[in-house]
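In what comes next, chain A is part of two complexes: it sits with chain B in the first one and with chain C in the second one.
For the complex of A and B:
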(Lines of atoms letter the chains of each structure in order from A and count residues from 1; the text may use other names and numbers.)
(Lines give C-alpha, C1' and ligand atoms only; values in the text may rest on other atoms or scores of the structure.)
Protein backbone atom coordinates (compact mmCIF):
# COMPACT_ATOMS: atom_id res chain seq x y z
CA UNK A 1 0.00 0.00 0.00
CA UNK A 2 2.21 2.82 -1.26
CA UNK A 3 -0.35 5.62 -0.95
CA UNK A 4 -2.27 6.02 2.29
CA UNK A 5 -5.83 4.89 1.77
CA UNK A 6 -8.83 5.69 3.91
CA UNK A 7 -11.38 3.09 4.93
CA UNK A 8 -14.72 3.79 6.58
CA UNK A 9 -16.23 1.30 9.02
CA UNK A 10 -19.85 1.50 10.18
CA UNK A 11 -20.45 -0.26 13.50
CA UNK A 12 -23.85 -1.09 14.98
CA UNK A 13 -23.47 -3.64 17.77
CA UNK A 14 -23.24 -2.65 21.45
CA UNK A 15 -20.28 -3.60 23.62
CA UNK A 16 -20.24 -6.75 25.78
CA UNK A 17 -22.76 -8.55 23.54
CA UNK A 18 -21.40 -9.94 20.29
CA UNK A 19 -18.14 -11.32 18.94
CA UNK A 20 -18.40 -9.07 15.92
CA UNK A 21 -17.53 -6.02 18.02
CA UNK A 22 -14.18 -7.58 18.82
CA UNK A 23 -13.69 -8.74 15.25
CA UNK A 24 -14.56 -5.32 13.82
CA UNK A 25 -12.20 -3.56 16.22
CA UNK A 26 -9.48 -6.05 15.24
CA UNK A 27 -10.06 -5.14 11.59
CA UNK A 28 -9.81 -1.43 12.41
CA UNK A 29 -6.60 -2.05 14.35
CA UNK A 30 -5.23 -4.03 11.38
CA UNK A 31 -6.05 -1.15 9.05
CA UNK A 32 -4.10 1.29 11.19
CA UNK A 33 -1.15 -1.08 11.48
CA UNK A 34 -1.16 -1.41 7.67
CA UNK A 35 -0.95 2.38 7.35
CA UNK A 36 -4.56 3.03 6.42
CA UNK A 37 -6.49 6.08 7.64
CA UNK A 38 -9.75 5.12 9.32
CA UNK A 39 -13.18 6.69 9.63
CA UNK A 40 -15.70 5.09 11.99
CA UNK A 41 -19.40 5.83 12.13
CA UNK A 42 -20.96 4.25 15.23
CA UNK A 43 -24.71 4.03 15.46
CA UNK A 44 -27.36 2.28 17.53
CA UNK A 45 -25.73 0.29 20.35
CA UNK A 46 -22.21 0.88 19.04
CA UNK A 47 -22.27 4.43 20.42
CA UNK A 48 -21.70 2.80 23.83
CA UNK A 49 -18.33 1.40 22.74
CA UNK A 50 -16.39 4.53 23.80
CA UNK A 51 -18.63 5.32 26.82
CA UNK A 52 -16.38 6.85 29.47
CA UNK A 53 -18.04 5.24 32.51
CA UNK A 54 -17.50 1.57 31.63
CA UNK A 55 -15.93 -0.04 34.70
CA UNK A 56 -14.11 -3.31 35.28
CA UNK A 57 -15.52 -5.63 37.92
CA UNK A 58 -14.55 -8.57 40.07
CA UNK A 59 -15.78 -12.11 39.48
CA UNK A 60 -17.02 -13.49 42.82
CA UNK A 61 -18.11 -16.77 41.23
CA UNK A 62 -14.52 -17.51 40.28
CA UNK A 63 -13.08 -15.86 43.39
CA UNK A 64 -11.17 -13.19 41.47
CA UNK A 65 -10.90 -9.55 42.47
CA UNK A 66 -11.12 -6.72 39.94
CA UNK A 67 -7.41 -6.73 39.19
CA UNK A 68 -7.24 -10.52 38.76
CA UNK A 69 -10.34 -10.57 36.58
CA UNK A 70 -8.78 -7.91 34.30
CA UNK A 71 -12.12 -7.36 32.60
CA UNK A 72 -11.66 -5.94 29.10
CA UNK A 73 -13.31 -2.60 28.42
CA UNK A 74 -14.21 -1.52 24.87
CA UNK A 75 -13.56 2.14 25.77
CA UNK A 76 -9.93 1.17 26.36
CA UNK A 77 -9.80 -0.64 23.01
CA UNK A 78 -11.15 2.47 21.27
CA UNK A 79 -8.62 4.62 23.13
CA UNK A 80 -5.94 2.20 21.93
CA UNK A 81 -7.04 2.72 18.33
CA UNK A 82 -6.85 6.49 18.75
CA UNK A 83 -3.37 6.10 20.25
CA UNK A 84 -2.19 3.79 17.45
CA UNK A 85 -3.40 6.24 14.80
CA UNK A 86 -1.67 9.13 16.54
CA UNK A 87 1.61 7.25 16.89
CA UNK A 88 1.58 6.42 13.18
CA UNK A 89 0.50 9.84 11.99
CA UNK A 90 -2.74 8.52 10.53
CA UNK A 91 -6.13 10.16 10.42
CA UNK A 92 -8.69 8.55 12.70
CA UNK A 93 -12.17 9.99 13.00
CA UNK A 94 -14.80 8.28 15.16
CA UNK A 95 -18.28 9.82 14.96
CA UNK A 96 -21.09 8.67 17.24
CA UNK A 97 -24.61 9.13 15.88
CA UNK A 98 -26.07 11.89 18.08
CA UNK A 99 -29.63 10.57 18.08
CA UNK A 100 -28.38 7.14 19.14
CA UNK A 101 -26.30 8.79 21.86
CA UNK A 102 -29.28 10.70 23.23
CA UNK A 103 -31.47 7.59 23.26
CA UNK A 104 -28.91 5.81 25.41
CA UNK A 105 -27.56 8.65 27.54
CA UNK A 106 -24.17 7.90 26.06
CA UNK A 107 -22.97 11.49 25.71
CA UNK A 108 -19.99 11.16 28.02
CA UNK A 109 -17.52 9.44 25.71
CA UNK A 110 -13.75 9.22 26.01
CA UNK A 111 -11.62 12.01 24.57
CA UNK A 112 -11.38 12.06 20.79
CA UNK A 113 -14.91 10.89 20.02
CA UNK A 114 -17.08 13.20 17.94
CA UNK A 115 -20.82 13.62 18.03
CA UNK A 116 -22.55 13.69 14.66
CA UNK A 117 -25.69 12.84 12.76
CA UNK A 118 -26.72 10.04 10.37
CA UNK A 119 -25.55 12.24 7.49
CA UNK A 120 -22.01 11.81 8.78
CA UNK A 121 -22.05 8.23 7.51
CA UNK A 122 -22.45 9.65 4.02
CA UNK A 123 -19.74 12.25 4.64
CA UNK A 124 -17.27 9.74 6.04
CA UNK A 125 -17.98 7.14 3.34
CA UNK A 126 -17.65 9.77 0.61
CA UNK A 127 -14.29 10.80 1.99
CA UNK A 128 -13.06 7.19 2.07
CA UNK A 129 -11.71 4.85 -0.61
CA UNK A 130 -14.00 2.07 0.57
CA UNK A 131 -16.60 1.37 3.23
CA UNK A 132 -17.43 -1.71 5.27
CA UNK A 133 -20.79 -1.96 6.96
CA UNK A 134 -20.64 -4.28 9.96
CA UNK A 135 -24.29 -5.09 10.54
CA UNK A 136 -25.82 -6.39 13.72
CA UNK A 137 -26.26 -10.15 13.95
CA UNK B 1 -16.89 -5.31 -9.33
CA UNK B 2 -13.22 -6.32 -9.21
CA UNK B 3 -13.43 -9.01 -6.57
CA UNK B 4 -15.81 -10.04 -3.82
CA UNK B 5 -14.83 -10.87 -0.24
CA UNK B 6 -17.50 -12.30 2.02
CA UNK B 7 -16.70 -12.16 5.73
CA UNK B 8 -18.74 -15.02 7.16
CA UNK B 9 -19.16 -15.10 10.96
CA UNK B 10 -22.04 -17.55 11.39
CA UNK B 11 -21.76 -21.22 12.29
CA UNK B 12 -22.86 -23.24 9.27
CA UNK B 13 -24.25 -25.90 11.61
CA UNK B 14 -26.71 -23.40 13.10
CA UNK B 15 -27.55 -21.10 10.19
CA UNK B 16 -28.47 -21.61 6.57
CA UNK B 17 -26.92 -18.26 5.67
CA UNK B 18 -23.37 -19.51 5.12
CA UNK B 19 -24.63 -22.01 2.54
CA UNK B 20 -26.37 -19.17 0.71
CA UNK B 21 -23.12 -17.19 0.78
CA UNK B 22 -21.29 -20.09 -0.88
CA UNK B 23 -23.97 -20.07 -3.59
CA UNK B 24 -23.51 -16.32 -4.04
CA UNK B 25 -19.72 -16.59 -4.20
CA UNK B 26 -19.91 -19.52 -6.64
CA UNK B 27 -22.30 -17.52 -8.82
CA UNK B 28 -19.91 -14.59 -8.87
CA UNK B 29 -17.08 -16.89 -9.95
CA UNK B 30 -19.26 -18.25 -12.74
CA UNK B 31 -19.77 -14.74 -14.14
CA UNK B 32 -16.07 -13.96 -13.91
CA UNK B 33 -15.74 -12.18 -10.57
CA UNK B 34 -13.12 -13.79 -8.29
CA UNK B 35 -14.64 -14.46 -4.89
CA UNK B 36 -13.20 -15.26 -1.48
CA UNK B 37 -14.94 -16.33 1.71
CA UNK B 38 -13.17 -15.40 4.94
CA UNK B 39 -14.38 -17.57 7.81
CA UNK B 40 -14.16 -15.97 11.25
CA UNK B 41 -15.82 -16.28 14.65
CA UNK B 42 -18.02 -19.42 14.74
CA UNK B 43 -17.85 -19.75 10.95
CA UNK B 44 -14.32 -21.05 11.51
CA UNK B 45 -15.79 -24.45 12.39
CA UNK B 46 -16.72 -24.84 8.72
CA UNK B 47 -13.06 -24.71 7.74
CA UNK B 48 -12.52 -28.24 9.09
CA UNK B 49 -12.22 -31.16 6.70
CA UNK B 50 -15.56 -32.69 5.71
CA UNK B 51 -16.05 -34.13 2.24
CA UNK B 52 -19.53 -32.60 1.88
CA UNK B 53 -18.78 -29.53 3.97
CA UNK B 54 -19.10 -25.85 3.24
CA UNK B 55 -15.42 -25.27 2.55
CA UNK B 56 -15.15 -28.25 0.21
CA UNK B 57 -18.22 -27.08 -1.74
CA UNK B 58 -16.86 -23.57 -2.08
CA UNK B 59 -13.41 -24.68 -3.20
CA UNK B 60 -14.90 -27.10 -5.73
CA UNK B 61 -16.82 -24.15 -7.20
CA UNK B 62 -13.65 -22.10 -7.62
CA UNK B 63 -14.16 -19.91 -4.55
CA UNK B 64 -11.10 -19.12 -2.44
CA UNK B 65 -11.59 -19.90 1.24
CA UNK B 66 -9.55 -18.33 4.03
CA UNK B 67 -9.97 -18.77 7.77
CA UNK B 68 -9.08 -16.44 10.61
CA UNK B 69 -6.12 -17.84 12.59
CA UNK B 70 -7.39 -15.95 15.64
CA UNK B 71 -10.76 -17.73 15.42
CA UNK B 72 -9.03 -21.09 14.94
CA UNK B 73 -6.89 -20.50 18.02
CA UNK B 74 -9.88 -19.43 20.14
CA UNK B 75 -11.67 -22.67 19.22
CA UNK B 76 -8.65 -24.97 19.50
CA UNK B 77 -8.93 -25.96 15.85
CA UNK B 78 -5.56 -27.07 14.51
CA UNK B 79 -4.45 -26.15 11.00
CA UNK B 80 -4.00 -29.87 10.30
CA UNK B 81 -7.78 -30.25 10.69
CA UNK B 82 -8.53 -27.85 7.84
CA UNK B 83 -10.08 -28.77 4.52
CA UNK B 84 -7.47 -29.00 1.79
CA UNK B 85 -7.21 -25.64 0.08
CA UNK B 86 -8.39 -23.55 3.04
CA UNK B 87 -5.82 -20.84 3.75
CA UNK B 88 -5.21 -19.74 7.34
CA UNK B 89 -5.05 -15.95 7.32
CA UNK B 90 -4.97 -12.91 9.56
CA UNK B 91 -7.71 -10.33 9.62
CA UNK B 92 -5.45 -8.19 7.44
CA UNK B 93 -7.18 -9.88 4.49
CA UNK B 94 -10.26 -7.70 5.10
CA UNK B 95 -8.22 -4.51 5.01
CA UNK B 96 -6.26 -5.60 1.95
CA UNK B 97 -9.45 -6.21 -0.03
CA UNK B 98 -10.99 -2.92 1.10
CA UNK B 99 -7.84 -0.96 0.31
CA UNK B 100 -7.78 -2.06 -3.33
CA UNK B 101 -11.46 -1.27 -3.83
CA UNK B 102 -12.96 -4.74 -3.70
CA UNK B 103 -16.50 -5.29 -2.50
CA UNK B 104 -16.54 -6.65 1.05
CA UNK B 105 -19.71 -8.06 2.58
CA UNK B 106 -19.91 -8.79 6.30
CA UNK B 107 -22.38 -11.53 7.22
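For the complex of A and C:
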Protein backbone atom coordinates (compact mmCIF):
# COMPACT_ATOMS: atom_id res chain seq x y z
CA UNK A 1 0.00 0.00 0.00
CA UNK A 2 1.40 3.36 -1.00
CA UNK A 3 1.92 5.95 1.76
CA UNK A 4 1.82 8.86 -0.65
CA UNK A 5 -0.74 11.60 -0.33
CA UNK A 6 -4.07 11.20 -2.07
CA UNK A 7 -6.16 13.72 -3.96
CA UNK A 8 -9.76 13.29 -5.04
CA UNK A 9 -11.22 14.80 -8.19
CA UNK A 10 -14.92 15.12 -8.98
CA UNK A 11 -15.47 15.62 -12.71
CA UNK A 12 -18.77 16.60 -14.30
CA UNK A 13 -18.29 17.74 -17.90
CA UNK A 14 -18.80 15.37 -20.84
CA UNK A 15 -15.90 14.77 -23.24
CA UNK A 16 -15.26 17.09 -26.19
CA UNK A 17 -17.24 19.95 -24.59
CA UNK A 18 -15.12 21.88 -22.13
CA UNK A 19 -11.47 22.73 -21.63
CA UNK A 20 -11.99 22.20 -17.91
CA UNK A 21 -11.90 18.45 -18.53
CA UNK A 22 -8.59 18.57 -20.37
CA UNK A 23 -7.16 20.73 -17.59
CA UNK A 24 -8.46 18.33 -14.94
CA UNK A 25 -6.94 15.33 -16.72
CA UNK A 26 -3.62 17.20 -16.99
CA UNK A 27 -3.81 17.95 -13.25
CA UNK A 28 -4.45 14.26 -12.55
CA UNK A 29 -1.50 13.33 -14.76
CA UNK A 30 0.70 15.85 -12.91
CA UNK A 31 -0.42 14.51 -9.54
CA UNK A 32 0.51 10.96 -10.52
CA UNK A 33 3.90 12.09 -11.82
CA UNK A 34 4.47 13.79 -8.45
CA UNK A 35 3.77 10.50 -6.70
CA UNK A 36 0.26 11.36 -5.47
CA UNK A 37 -2.49 8.74 -5.37
CA UNK A 38 -5.63 9.80 -7.21
CA UNK A 39 -9.32 9.13 -6.71
CA UNK A 40 -11.79 10.23 -9.37
CA UNK A 41 -15.56 10.37 -9.13
CA UNK A 42 -17.15 10.93 -12.55
CA UNK A 43 -20.58 12.51 -12.28
CA UNK A 44 -23.14 13.27 -14.98
CA UNK A 45 -21.56 13.74 -18.44
CA UNK A 46 -18.10 12.89 -17.17
CA UNK A 47 -19.05 9.20 -17.10
CA UNK A 48 -18.60 9.32 -20.88
CA UNK A 49 -14.90 10.15 -20.55
CA UNK A 50 -13.86 6.47 -20.39
CA UNK A 51 -16.56 5.28 -22.81
CA UNK A 52 -15.06 2.42 -24.80
CA UNK A 53 -16.63 3.27 -28.17
CA UNK A 54 -15.14 6.72 -28.70
CA UNK A 55 -13.57 6.74 -32.16
CA UNK A 56 -11.11 9.05 -33.90
CA UNK A 57 -12.09 10.65 -37.18
CA UNK A 58 -10.52 12.29 -40.18
CA UNK A 59 -10.68 16.06 -40.59
CA UNK A 60 -11.24 17.30 -44.15
CA UNK A 61 -10.87 20.93 -43.05
CA UNK A 62 -7.41 20.12 -41.74
CA UNK A 63 -6.75 18.07 -44.86
CA UNK A 64 -5.79 15.04 -42.80
CA UNK A 65 -7.04 11.47 -42.77
CA UNK A 66 -7.86 9.65 -39.54
CA UNK A 67 -4.32 8.47 -38.95
CA UNK A 68 -2.73 11.82 -39.71
CA UNK A 69 -5.28 13.74 -37.63
CA UNK A 70 -4.47 11.57 -34.60
CA UNK A 71 -7.57 12.85 -32.82
CA UNK A 72 -7.21 12.68 -29.02
CA UNK A 73 -9.75 10.50 -27.25
CA UNK A 74 -10.48 10.96 -23.53
CA UNK A 75 -10.77 7.18 -23.10
CA UNK A 76 -7.15 6.89 -24.20
CA UNK A 77 -6.12 9.62 -21.76
CA UNK A 78 -7.94 7.84 -18.94
CA UNK A 79 -6.33 4.53 -19.91
CA UNK A 80 -2.97 6.30 -19.88
CA UNK A 81 -3.61 7.62 -16.38
CA UNK A 82 -4.45 4.12 -15.17
CA UNK A 83 -1.25 2.85 -16.78
CA UNK A 84 0.85 5.66 -15.30
CA UNK A 85 -0.46 4.97 -11.80
CA UNK A 86 0.22 1.26 -12.17
CA UNK A 87 3.76 1.80 -13.42
CA UNK A 88 4.50 4.04 -10.43
CA UNK A 89 2.84 1.81 -7.84
CA UNK A 90 0.22 4.43 -7.02
CA UNK A 91 -3.42 3.95 -6.19
CA UNK A 92 -5.80 5.15 -8.88
CA UNK A 93 -9.51 4.62 -8.49
CA UNK A 94 -12.01 5.94 -11.05
CA UNK A 95 -15.66 5.50 -10.12
CA UNK A 96 -18.45 6.30 -12.57
CA UNK A 97 -21.78 7.32 -11.04
CA UNK A 98 -23.98 4.35 -11.94
CA UNK A 99 -27.22 6.29 -12.38
CA UNK A 100 -25.41 8.75 -14.64
CA UNK A 101 -24.10 5.81 -16.64
CA UNK A 102 -27.55 4.32 -17.05
CA UNK A 103 -29.21 7.50 -18.30
CA UNK A 104 -26.49 7.90 -20.92
CA UNK A 105 -26.07 4.27 -21.93
CA UNK A 106 -22.43 4.61 -20.97
CA UNK A 107 -22.00 1.19 -19.40
CA UNK A 108 -19.34 -0.04 -21.78
CA UNK A 109 -16.30 1.66 -20.30
CA UNK A 110 -12.63 0.81 -20.74
CA UNK A 111 -11.02 -1.69 -18.39
CA UNK A 112 -10.29 -0.43 -14.90
CA UNK A 113 -13.35 1.79 -14.49
CA UNK A 114 -15.63 1.05 -11.55
CA UNK A 115 -19.36 1.59 -11.35
CA UNK A 116 -20.55 3.18 -8.14
CA UNK A 117 -23.12 5.30 -6.36
CA UNK A 118 -23.14 8.91 -5.12
CA UNK A 119 -21.97 7.72 -1.71
CA UNK A 120 -18.70 6.68 -3.36
CA UNK A 121 -17.81 10.36 -3.73
CA UNK A 122 -17.97 10.70 0.03
CA UNK A 123 -15.93 7.52 0.46
CA UNK A 124 -13.27 8.66 -2.00
CA UNK A 125 -13.14 12.18 -0.56
CA UNK A 126 -12.91 10.89 3.00
CA UNK A 127 -9.98 8.70 1.99
CA UNK A 128 -8.16 11.65 0.36
CA UNK A 129 -6.14 14.55 1.72
CA UNK A 130 -8.15 17.02 -0.32
CA UNK A 131 -10.77 17.21 -3.05
CA UNK A 132 -10.99 19.29 -6.21
CA UNK A 133 -14.43 19.78 -7.74
CA UNK A 134 -14.47 20.41 -11.50
CA UNK A 135 -18.11 21.21 -12.26
CA UNK A 136 -20.02 21.95 -15.42
CA UNK A 137 -20.51 25.71 -15.72
CA UNK B 1 -14.77 16.38 8.10
CA UNK B 2 -17.04 19.43 7.92
CA UNK B 3 -17.84 20.35 4.35
CA UNK B 4 -19.50 23.27 2.60
CA UNK B 5 -21.12 22.62 -0.76
CA UNK B 6 -21.44 25.70 -2.94
CA UNK B 7 -23.95 25.59 -5.79
CA UNK B 8 -23.26 28.48 -8.12
CA UNK B 9 -24.94 27.31 -11.31
CA UNK B 10 -28.66 27.60 -10.78
CA UNK B 11 -31.16 25.49 -12.69
CA UNK B 12 -28.43 23.45 -14.38
CA UNK B 13 -30.15 20.69 -16.39
CA UNK B 14 -33.02 20.67 -13.93
CA UNK B 15 -35.65 19.75 -16.50
CA UNK B 16 -33.79 16.71 -17.83
CA UNK B 17 -32.73 15.59 -14.37
CA UNK B 18 -35.98 16.49 -12.56
CA UNK B 19 -33.93 18.09 -9.79
CA UNK B 20 -30.75 20.04 -9.20
CA UNK B 21 -28.13 17.32 -9.44
CA UNK B 22 -25.78 18.92 -6.91
CA UNK B 23 -28.48 19.51 -4.31
CA UNK B 24 -29.50 15.90 -4.91
CA UNK B 25 -25.93 14.63 -4.70
CA UNK B 26 -25.28 16.58 -1.51
CA UNK B 27 -28.39 15.08 0.01
CA UNK B 28 -27.08 11.61 -0.91
CA UNK B 29 -23.70 12.38 0.63
CA UNK B 30 -25.28 13.54 3.85
CA UNK B 31 -27.28 10.32 3.98
CA UNK B 32 -23.95 8.51 3.56
CA UNK B 33 -22.54 10.30 6.59
CA UNK B 34 -21.21 13.59 5.27
CA UNK B 35 -21.42 16.61 7.57
CA UNK B 36 -22.26 19.30 5.06
CA UNK B 37 -23.93 22.67 4.73
CA UNK B 38 -24.91 24.39 1.50
CA UNK B 39 -24.36 27.87 0.08
CA UNK B 40 -26.52 28.81 -2.91
CA UNK B 41 -24.91 31.45 -5.13
CA UNK B 42 -26.05 33.43 -8.16
CA UNK B 43 -29.21 32.13 -9.79
CA UNK B 44 -29.32 29.29 -7.28
CA UNK B 45 -30.27 31.88 -4.66
CA UNK B 46 -33.76 31.52 -6.09
CA UNK B 47 -34.00 27.87 -5.02
CA UNK B 48 -35.37 28.57 -1.51
CA UNK B 49 -38.05 30.95 -2.81
CA UNK B 50 -41.54 29.66 -2.17
CA UNK B 51 -44.32 29.56 -4.72
CA UNK B 52 -42.33 28.28 -7.70
CA UNK B 53 -44.08 26.10 -10.23
CA UNK B 54 -43.06 24.68 -13.57
CA UNK B 55 -45.47 23.76 -16.32
CA UNK B 56 -44.58 20.25 -17.55
CA UNK B 57 -42.35 20.42 -20.63
CA UNK B 58 -43.69 18.75 -23.76
CA UNK B 59 -41.25 18.03 -26.60
CA UNK B 60 -42.23 15.98 -29.62
CA UNK B 61 -45.41 14.95 -27.88
CA UNK B 62 -43.51 13.49 -24.93
CA UNK B 63 -44.69 15.25 -21.78
CA UNK B 64 -42.40 15.41 -18.77
CA UNK B 65 -44.87 14.75 -15.99
CA UNK B 66 -42.58 15.21 -12.97
CA UNK B 67 -41.24 18.73 -12.96
CA UNK B 68 -38.29 19.57 -10.74
CA UNK B 69 -39.28 20.77 -7.27
CA UNK B 70 -36.02 22.28 -6.15
CA UNK B 71 -37.65 24.35 -3.46
CA UNK B 72 -38.84 21.10 -1.85
CA UNK B 73 -35.38 19.57 -2.35
CA UNK B 74 -33.77 22.43 -0.45
CA UNK B 75 -36.46 22.34 2.21
CA UNK B 76 -35.87 18.62 2.77
CA UNK B 77 -32.13 19.21 3.02
CA UNK B 78 -32.56 22.05 5.51
CA UNK B 79 -35.05 20.13 7.64
CA UNK B 80 -32.42 17.69 8.84
CA UNK B 81 -30.18 20.19 10.55
CA UNK B 82 -27.90 21.18 7.67
CA UNK B 83 -27.50 24.90 7.16
CA UNK B 84 -28.60 26.46 3.86
CA UNK B 85 -27.25 29.92 3.08
CA UNK B 86 -27.64 32.55 0.39
CA UNK B 87 -25.82 35.83 -0.18
CA UNK B 88 -27.63 39.10 0.46
CA UNK B 89 -26.13 40.55 -2.73
CA UNK B 90 -27.65 37.76 -4.83
CA UNK B 91 -31.08 38.43 -3.34
CA UNK B 92 -30.80 42.17 -3.97
CA UNK B 93 -29.54 41.70 -7.54
CA UNK B 94 -32.61 39.60 -8.31
CA UNK B 95 -35.13 41.58 -6.24
CA UNK B 96 -35.88 38.48 -4.21
CA UNK B 97 -37.99 39.30 -1.18
CA UNK B 98 -36.44 37.65 1.89
CA UNK B 99 -39.90 36.96 3.26
CA UNK B 100 -40.41 34.45 0.44
CA UNK B 101 -37.41 32.37 1.47
CA UNK B 102 -37.63 29.15 3.39
CA UNK B 103 -37.61 29.92 7.08
CA UNK B 104 -34.44 27.87 7.66
CA UNK B 105 -32.36 29.81 5.14
CA UNK B 106 -29.60 32.00 6.54
CA UNK B 107 -28.73 35.19 4.62
CA UNK B 108 -25.05 36.11 4.77
CA UNK B 109 -23.10 39.06 3.42
CA UNK B 110 -20.25 38.56 1.00
CA UNK B 111 -17.95 40.26 3.53
CA UNK B 112 -18.66 37.32 5.86
CA UNK B 113 -17.44 34.75 3.34
CA UNK B 114 -13.77 34.54 4.40
CA UNK B 115 -14.71 33.71 7.98
CA UNK B 116 -17.51 31.44 6.86
CA UNK B 117 -15.37 29.42 4.43
CA UNK B 118 -12.56 29.04 6.93
CA UNK B 119 -14.94 27.27 9.30
CA UNK B 120 -15.05 24.25 6.99
CA UNK B 121 -12.45 21.53 6.39
CA UNK B 122 -13.35 21.35 2.71
CA UNK B 123 -15.28 23.63 0.37
CA UNK B 124 -16.71 22.02 -2.75
CA UNK B 125 -17.62 24.61 -5.35
CA UNK B 126 -19.92 23.17 -8.01
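Definition applied: the second predicted complex is superposed on the first by the 134 of 137 C-alpha atoms of A that agree within 3 Å, B and C clash if a C-alpha of one lies under 4 Å from a C-alpha of the other, contacts with A are read in each partner's own complex, and residues count from 1 in each chain.
What we mean here is this: contacts are C-beta pairs under 8 Å (C-beta built on N, C-alpha and C of every residue); 3 or more make two chains touch, one makes a residue touch a chain.
Just so we're clear, the structure is a prediction, and the values are computed from it rather than from any experiment.
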Side-by-side fit of chain B and chain C on chain A, or clash: fit
First, second, both or neither for A:5, with chain B first and chain C second: first
First, second, both or neither for A:130, with chain B first and chain C second: both
Contacts of A:23 with chain B and chain C, given as first, second, both or neither: first
Touching partner for A:122 - first (chain B), second (chain C), both, neither: second
First (chain B), second (chain C), both or neither touched by A:95: neither
First, second, both or neither for A:34, with chain B first and chain C second: first
Contacts of A:44 with chain B and chain C, given as first, second, both or neither: second
Gap in Å between nearest CA atoms once chain C and chain B share a frame through chain A: 5
On chain A, the residue positions that both chain B and chain C contact, one per complex: 130, 133, 135, 137
Residue ranges of chain B touching chain A (in the complex, touch as defined): 9, 40-42, 68, 70, 90-92, 94-96, 98-99, 101-102, 104, 106
Of all residues in chain C, those that touch chain A in their complex: 1, 9, 12-13, 21-22, 25, 28-29, 31-34, 122, 124-126
Parts of chain A lying in touch with chain B, wherever the complex brings them together: 1, 5, 7, 19-20, 23, 26-27, 30-31, 34, 36, 129-130, 132-135, 137
Residues on chain A engaged by chain C in the complex (per definition of touch): 10, 12, 43-44, 117-119, 121-123, 125-126, 130-131, 133, 135-137
